[in-house]
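Chain IDs A, B, C and D follow the sequence of writing; residue 1 opens each chain.
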Amino acid sequence: MQPLNRTQIAWRAAQDLQDGMVVNLGIGMPVHCSDYIPAGRELVIQSENGVIGAGPEATAEAADADLVDAGSRRITIAPGGTVIDSAWSFAMIRGGHIDVTVLGAFEVAANGDLANWDSRIPDKGPLVGGAMDLAASAKSVWVMMEHNTRSGGPRLLDACTLPLTAPGCVKRVYTDLAVIEVTPEGFLVHEVLEGLSHAALQARSGATLRFAPDCGVLRAPDLTDED
Amino acid sequence: MAIDKRVASAAAAVADVADGARVMISGFGGAGFANDLVLALRDRGARGLTIIVNSATHPLSFTHTLIEAGLVAHVICSAARGRGKGLSVFEQLYKDGKIGLEVLPQGTFAECIRAGGAGIPAFYTPSGYGTDLTRGKETRRFGGRDYVLEEAIQADVALVRADMADRFGNLTFRHAQKNFGPAMATAARLTIAEVRVVQETPIAPERVELPGVYVQRLVVAGGA
Amino acid sequence: MAIDKRVASAAAAVADVADGARVMISGFGGAGFANDLVLALRDRGARGLTIIVNSATHPLSFTHTLIEAGLVAHVICSAARGRGKGLSVFEQLYKDGKIGLEVLPQGTFAECIRAGGAGIPAFYTPSGYGTDLTRGKETRRFGGRDYVLEEAIQADVALVRADMADRFGNLTFRHAQKNFGPAMATAARLTIAEVRVVQETPIAPERVELPGVYVQRLVVAGGA
Amino acid sequence: MQPLNRTQIAWRAAQDLQDGMVVNLGIGMPVHCSDYIPAGRELVIQSENGVIGAGPEATAEAADADLVDAGSRRITIAPGGTVIDSAWSFAMIRGGHIDVTVLGAFEVAANGDLANWDSRIPDKGPLVGGAMDLAASAKSVWVMMEHNTRSGGPRLLDACTLPLTAPGCVKRVYTDLAVIEVTPEGFLVHEVLEGLSHAALQARSGATLRFAPDCGVLRAPDLTDED
């Protein structure tokens, strides 16, 4: 099977979001998780600009310049939603009221260290945003990213090479090749892409992988890459 | 004398902003930028400003016009990256060492401003602990977890965008326009709000989102 | 499954409050007391409670019934004086060393709770500096002024009175009923709101005063 | 002239409240200041329970159990008023957004130290409330109190004998006998009750008084003591 595209990775992560959860979805790829939440599950999407109960992206006709998410997308408010100010929104995040945040990343280490904020573009200004707050304080930090860099290097590492967003925070990683849990003993693989051997996945990783006894197959429906 | 915080124009509202002023500017994610006031401040031409704004480079904010006009000495923000591959004016100045920059996690940025308005000179936060961004900052352990000490941010002036106001300076916000406005309004000695409309009757008590106590001047957007 | 935080009764809502629990109770100045929930908690009979409430003795709050029932080991508050000349049950227990007491300036009390819900483990405040009340607490100078270090307050359960709710747990408050409810709701692992009515349709976004994210259970007052 | 009664002291303090001020009035005697604000002045009364723009006490018919001030009085909301929660209300107070607070007191020292929170009733529980926050952070702290204790002792002192509410905070004192400013050099008297000599006022005070060159006469209209 082909590696998952980015939309399929978002789909896969979305399947694990449970009823009633308060969820923050990172800018870019992770926000698409909200499009694939299994039917019948009701949860609260928190956008760090203060929209509590973010709904889907607005249609062109319904788009309102004042109703945006943290990624400047024009969105809607879901039933039961409201808007709070930034100081309160981050009080909510830092106070541990977010069940899950799904973030993009450059690197994740076997101890849960996360690097997702500094891509080190020469002379470009630093871009931090809310990632450090989310990574430090969400009850559970999930990462979605390609398993490897464009040049083929690993993103799952013994230790991050890029500046950290937060130490020891990542609980799960969804990649185009696998679903991996971060445990006190390091990476534990729960699902692997069909047709990819454990040894091949290990070869594409920069840290030792363990495989769960019930390690299953990573599958996703056909979805066009939206990102 | 009846309280009435309306002033005639954005230009009049910022006329006494001095060289070297610390200026907060609301807005995030495309909403809530106090752009009329920012342009008036650019026209005012006060120099050596410290700008406290979530993003130094958001394309829908006119903050960049202050930077391009050479009025800004220092920026405190959580996002300082221009969108294109090339360097924005801000990034060029930063590269050349001609503009100061302090970058904070967005939640720390928000909380520092809230603290500045709430009489809290400093607080501990988990955000940024163990990262390059907080290197050199004081840390401390509480309940088995590590935290960074961060100090409050205050300003001379806050430029805040809101939806409705009344003569008392009470404000409402439309949707995500709210963002940094309420906290910034509390943390500045002089808060100027740019609003869609100043209504003649007081805003109903339960609809006030920011009490007028925090607002000194009101300008109707587009009315300059 | 649709989110729906309604539970059948106050008794059901507090049925799992354990011995030794830390319990926040809203209310101040005669408004906003979560009295149905307090009475249900008294009937529940969990012992060794720590009660976090602005006043330990306000005549309109039923907090005193918990104390009189012998369920309270410790009180954290800003006011602990009974109204009459004689001693209240609380004061007699305090005199006899049978109940613990921590008194904080009301603003510090409020901010400690806000900090508890906002992920701030500790902060500096000017309130109480140089007084007997803060003797022994760590102090520090910022910008030429002296401050006291205060630590966050959290709880296992918050009992909060509000006006309207919807199934998401969103709340509105009537007037001064608001007081400590919003902050307490953020600072407890389990927040139970006692409301006048749970409306069938969601509360309009701009009317929500406390997002349902902070509320786990809803009870209609007088419906127990 | 008779010493001022408590209502007259409130009247006298109220005359000094200026247009547009944000004012917090302490429980008991000080709240009555709001009844005597000179006609035509509009100001904002902040009650620390979160009522911003408190209006007069409610009539029996209009009284609402949910609309109270910090002293549990059933009040009204003035035009332009609103209600915030306690954490925000004290953020407003601590943040220096209150122009003047008028507080009752037991003792005031020549250096501005204030003692108003602990009357040391044996075995009664301590009652702090919001006084320490107000005293520490209002831009200007005014005190209104009788010049002497019931037993005739002085309340204006070189140093407080009772536990402090806050050090060095009091700017003005309104008593039944005088209006006194607290300056870096100590007490400076601006008004003295008609017929009371400077020496007699000094004799009833526990610290050295200086008298302003333009020291005037303390007068108040006939008002029944409400307290």
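Things worth noting here:
Operating definition for what follows: a contact is a pair of C-beta atoms (placed from the backbone, for glycine too) under 8 Å apart; a residue touches a chain by one contact, two chains touch by 3 or more.
Given the structure is predicted, the values throughout are model-derived calculations rather than measurements.
Shared contact partners of chain A and chain D, listed by label: B, C.
Interface comparison, A-C versus A-B: the higher count of C-beta contacts falls to A-B. Using CA-based centroids throughout, the chain positioned farthest away from chain A is D. Note: centroid distance chain A to chain C, computed from Cα atoms, is 35 Å. A separation of 29 Å divides the Cα centre of chain C from that of chain D.
Taking each chain's centre as the average of its CA atoms, chain B and chain C sit 33 Å apart.
Residues of chain A in contact with at least two other chains: 77, 83-84, 91, 93-94, 137.
Taken residue by residue, chain B touches two or more other chains at 111, 114, 118-120, 125-126, 175, 205-206, whereas all remaining positions touch fewer.
Chain contacts in this assembly follow no simple pattern; the graph is neither a line, a ring, a star nor complete. Contact between chains, as defined at the top, is found for A-B, A-C, B-C, B-D, C-D. Residue ranges on chain C touching chain B, taken from their complex, read 111, 115, 118-126, 140, 142-143, 145, 147, 151, 172, 175, 205-207.
Those residues of chain A whose C-beta lies close enough to touch chain B in the complex are 47-51, 64-72, 74, 77, 83-87, 89-91, 93-94, 118, 121, 123-133, 136-137, 163-167. Chain C contributes residues 1-3, 114, 116-120, 166-168, 170, 186-187, 202-203, 205-206, 208, 211-214 to its touches with chain A in the complex. Touching chain C in their complex are the following residues of chain A: 19-20, 22, 40-44, 46, 52-53, 77, 79-84, 91-97, 137.
Here chain C touches chain D in the complex through residues 28-32, 54, 56-58, 60, 78-82, 87-88, 90-92, 94-95, 101, 103-108, 110-111, 113-114, 125-133, 163, 173-183, going by the rule given at the top.
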